[in-house]
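Each in structure tokens, the structures are laid out below.
Next come two complexes built around subunit A: one with subunit B, the other with subunit C.
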Partner chain A sequence: MSNVIIEVKNYSWQYINTSEPALRNINLTIAEGDFIGVIGPNGSGKTTLAYSLDGLIPGQYNGIKQGEVFVFGKEVEQYAKGDLQRSVGVVFSDPEAQFTAMTVEDELVFGMENLGMSIPEIRERLEWVTDLVNLKPLLMKPPYEISGGQKQRVALAAVLAMTPKIMILDEPTSMLDPVSRKRVFEVLEKLKKEHRNTIIVIEHSLENLIPLADRMVLLSNGELILEDETPRFFQNMPLLLEKSVYPPGALLFFYELMVAGYSNHQLPLTLDEAEKKLKDLIKNRTLQGEQQ
Partner chain B sequence: MSEQKPYIEVKNLWYSYTDGTLALSDINMEIYNGEFIAFIGQNGSGKTTLSKCLNGLFKPTRGDVIVDGLNSKNTPIVQMVRRVGYVFQNPDHQLFNNNCWDEIAYGPRNIELPEDQVKERVEEAAKVVGLDEAYFGEHPFFLSKGLRQRVAIASILALRPKVIIVDEPTTGQDARQSLEIMDFLKRLNEELGHTIIIITHDMPIVAKYARRVIVMGSGRILADGETRDVFRMADVLAQTYLEPPQITQLAQRCASLGFSPSTLTVEEMLEQFEKIGS
Partner chain C sequence: MNKTMLGYVPNESPIYAVHPFVKLFFLLVVSLFPMFIVAPEWNALLMVVVLILMWLSKVDIKILRIYVPVAISMGSIILISYVIFSGNHPEYHLLVQLGVIKIYWERIRDAIVVYFRILPMIVTMVFFLSTSRERDVIVAMRSIKAPFVVTYVFAMALRSAGMVLEDFQIVRQAEQARGFDTTGKPLPYKIRKYVMYMIPLFALSLRRSEEFTNALVARGYAFTGEASKVKRADYILTHYSFKPHDVVLTIMIGISFIALLVLKYGFGYFGLDTSLLTIWASRVIG
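This part shows the complex of A and B:
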């Protein structure tokens, strides 16, 4: 059994001056190196959960907290200010909220300086993320002068540069076109495989998320209503569709085949898997037809 | 369709920004009443620039844009925006009044309609987008993104344009909100006869709603045709780094088994599966 890195216990949070809790009685355990996909409609509490894991809640927000949130075995409220943020990096869905510097390069360097890294190390990491997220042409530009998609990439790079043990990405690709979106997920795949970071991604675009996620979490109205290993998670298709989660076409197709009795319970998570499975299925069907 | 006169004609359109950057090269197309079109392509491919040429916000550097018989070169913008409305990608770039009523009334007032007609138009537009009267006095910024987008669309509808261009209607919306906004545009198209153009990166949305697709790349039209036919053009799409919806790709990879490479939906795929090998 791998190390538990995050443990959320009977946790509820209600923002001040609101009539309903944003999160209710959440229980969630995340192991080191896990890649978790968090999905759910807008307003279901996904961002509140992200803020709760890096101590922004209750640190920066007023409200009522019940239950506990442990990160590395310690309750988030027990951390000295700023300590938790060294190990938990958040890429916000609104990247402007996180910019403070006058150039993209300064923006990337800022976080590393704050962590007290040496200049050679900062230089090395700057080169690495610039390359990884393809930011070279933007380094000297002011963050407010670049496009929404470019801002999202800078925000991602700024967090990557610090390589926190836990990375939380809140809709990191909402403003990106399909190519840049794919590139971001390629970067995440690399981090997962080579660095064993624990990664939590909040996303509406499931096609890229599903092949990477070890586990999926569905939030609805502030409650965690489904959590499972990704292939098993999608066995609950009626619930997902009811909650307006629309899986990629190939996955939905195989779910329908499964319900109709044509296919087994192993749902394909990627296009490659779906192609192979469909070819096998048709081959077997044809063989059976010939035998009869 | 060929006997009908096009509502919009674009002839040899070139557009350069004032700094000299070439944004559109030799665009030719015709748009007919009642069409539902998707402009697709990477960021920077010219989709938004082309849209702004269609509503007269940008004047051609060379060539012509003719809308309802009027050449955009010598037609005042107030005449153009009554025919082609453009809804911004981010509603916040468009909304600037202190309450929803003034926001929706801005266009009709700008074309100098008398106040009683302005009132009629605002009420009509609000009704179409399903914006309750209770919101009329609200500041748009305190509404949800979905509602702000409705206000943005209502403010365009109040000008009663024949053609409505919506830039990235589903960005930042969850699945339910996306379908709601798209079903609403479909209703404008089918019931009220508006021509709808969406600019989007969401291929499943394109497959479900658009009947015609125009693919843009580096300021040019790379393909223009029926949705099914365009999604078959893997090479063209790859040129601009787009991919057809996942179910279409699956059908294309399994075409040798008898699946049609222009399959658009899961239902179509299931129907074919029933037939193949049974």
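This part shows the complex of A and C:
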């Protein structure tokens, strides 16, 4: 594996006044430039994992920690206050919860000001991020008065503007309509291709996540159940279904075909792949029919 | 139309040419004027001046209508507390005695004086809130080099006020949807059941505080440690510049305040003894 930047070793976390750990014995390694998809049912510990990687846990929460979380080779607890967050950006699932300013523009520059950037640098990055996420018409509006989709784009842009080396997005499209959802993933695709950011996305909307994710992680009940490269990850369909993960329709359709013996074990991950595979399948079946 | 803290002001309003500091300075200084003016007619004149400024700024004067009930009830409370509960004052001019209640002319006069001191302050505040956004307050404070933490805490206080109101609406609607509604019920019942709104609202506020702290930490903000020592650029201020007309306006406001003090303490203006309104009223009453 190339340049490991996140290493989670035997990590468990239990919030104070709770009877069960939110995360149990997690082992995970993430390399620079990786795009990781984290999935799992509600309450499986996804957000706790995100907070643990950003140092919000244990920094802002009380609880019992076991094991270690290394980011850039240093245990998160050894970072000075505010240091780790300069390299690791988190987009929260509730965008309104992360707004700290009176206008969208102030919101976008707040993080950059905290990093100590100069005015020309801030101006340049502000222009870049507003173009990237298409926020120009909203700059002067209060962030709490815009629509849910716009809020989520602002939340994403505010973190993007800080250009952290690692970006963690906790259900970044939970409030979005399908078009806006696609737009967010287009931005993430751009970041992956052009900027080689390490991106960790916690998401329920798998049809957008799967084509981008290099690797997938399944959490359930605080445990890391499965972690693999995306194509191999979805070979474990019975386990995924058992853990209430419902893959996109095309993937599920080919899984059913595979179980019935009509298709091989190579499941298509995208709609385009599914279309091609289906055409090949029909063509092969037709040929077989003609030969008989 | 641009949204302000209290309504909307059209884009072509000349108020946008005024630096936020001047607006805040106007609020702070002009609100002090009634403290030094006793004569009700001068305070009424001040109120008229502020109303003219509102009209010139293209603020919809109709918004003042919502303050009429407040003004009436405030006036009534002042009048009752000064006149009915005034006590026994043999040195005052007794107008009428209703049982144990003695009504003196001086107490009615004092009630009018107090009322006319409060009204211009309210109108000045309404003018400021109608022509400013939350950001203007922050810019005004930062332009006089107020510490970032102070301006930030102030900004968050402003924002939180709106959020609490929003949350209150959400809680109320959620409870109405589940059959709990105090609409049309007697006041004691409403007061008793108010706790049904307050507890979830309090819990929501606690959660908001936690989320907000997380957001600040996640954005690299630190109150202590090395990260807090970073020299911050103030990007917002780059949108604003203090122009010559702002200097003129600031000087004018300052001079008018000094003039007020000179006229009051040097020449005895604005006092009750020279108040034409009270002199006329006392003559009418005899």
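Methods note: the second predicted complex is superposed on the first by the 291 of 292 C-alpha atoms of A that agree within 3 Å, B and C clash if a C-alpha of one lies under 4 Å from a C-alpha of the other, contacts with A are read in each partner's own complex, and residues count from 1 in each chain.
Throughout what follows, contacts are C-beta pairs under 8 Å (C-beta built on N, C-alpha and C of every residue); 3 or more make two chains touch, one makes a residue touch a chain.
The model shown is predicted, which means the values in this text are computed figures rather than measured ones.
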item	value
Fit-or-clash call for subunit B and subunit C when the two complexes are aligned on subunit A	clash
Which of subunit B and subunit C A:Ser174 touches, first, second, both or neither	first
Between subunit B and subunit C, more extensive residue contact with subunit A	C
Subunit B versus subunit C as contact partner of A:Gly116, first or second or both or neither	second
Contacts of A:Asn221 with subunit B and subunit C, given as first, second, both or neither	neither
Which of subunit B and subunit C A:Asn25 touches, first, second, both or neither	neither
Which of subunit B and subunit C A:Val90 touches, first, second, both or neither	second
Contacts of A:Phe99 with subunit B and subunit C, given as first, second, both or neither	second
Contact set on subunit A toward subunit B in their complex	40-42, 147, 149, 171, 174-175, 177-180, 204, 207, 244-246, 248-250, 252-253, 256-257, 262, 271, 274-275, 278-279, 282, 285-286, 289
Touching residues on subunit B, where the partner in the complex is subunit A	42-43, 144-145, 171-177, 179, 201, 203-204, 241-243, 245-250, 253-254, 257, 265-266, 269-270, 273, 276-278
Residue numbers on subunit A that touch subunit C, as the complex places them	51, 54-56, 59-60, 80-83, 85-86, 89-90, 92, 94, 97-103, 105-106, 109-119, 122-123, 126, 142, 144-145, 158-159, 162
Partner subunit A, residues of subunit C touching it in the complex	3, 133-135, 138, 155-156, 158-159, 162-163, 166, 208, 210-222, 224-228, 230-236, 238
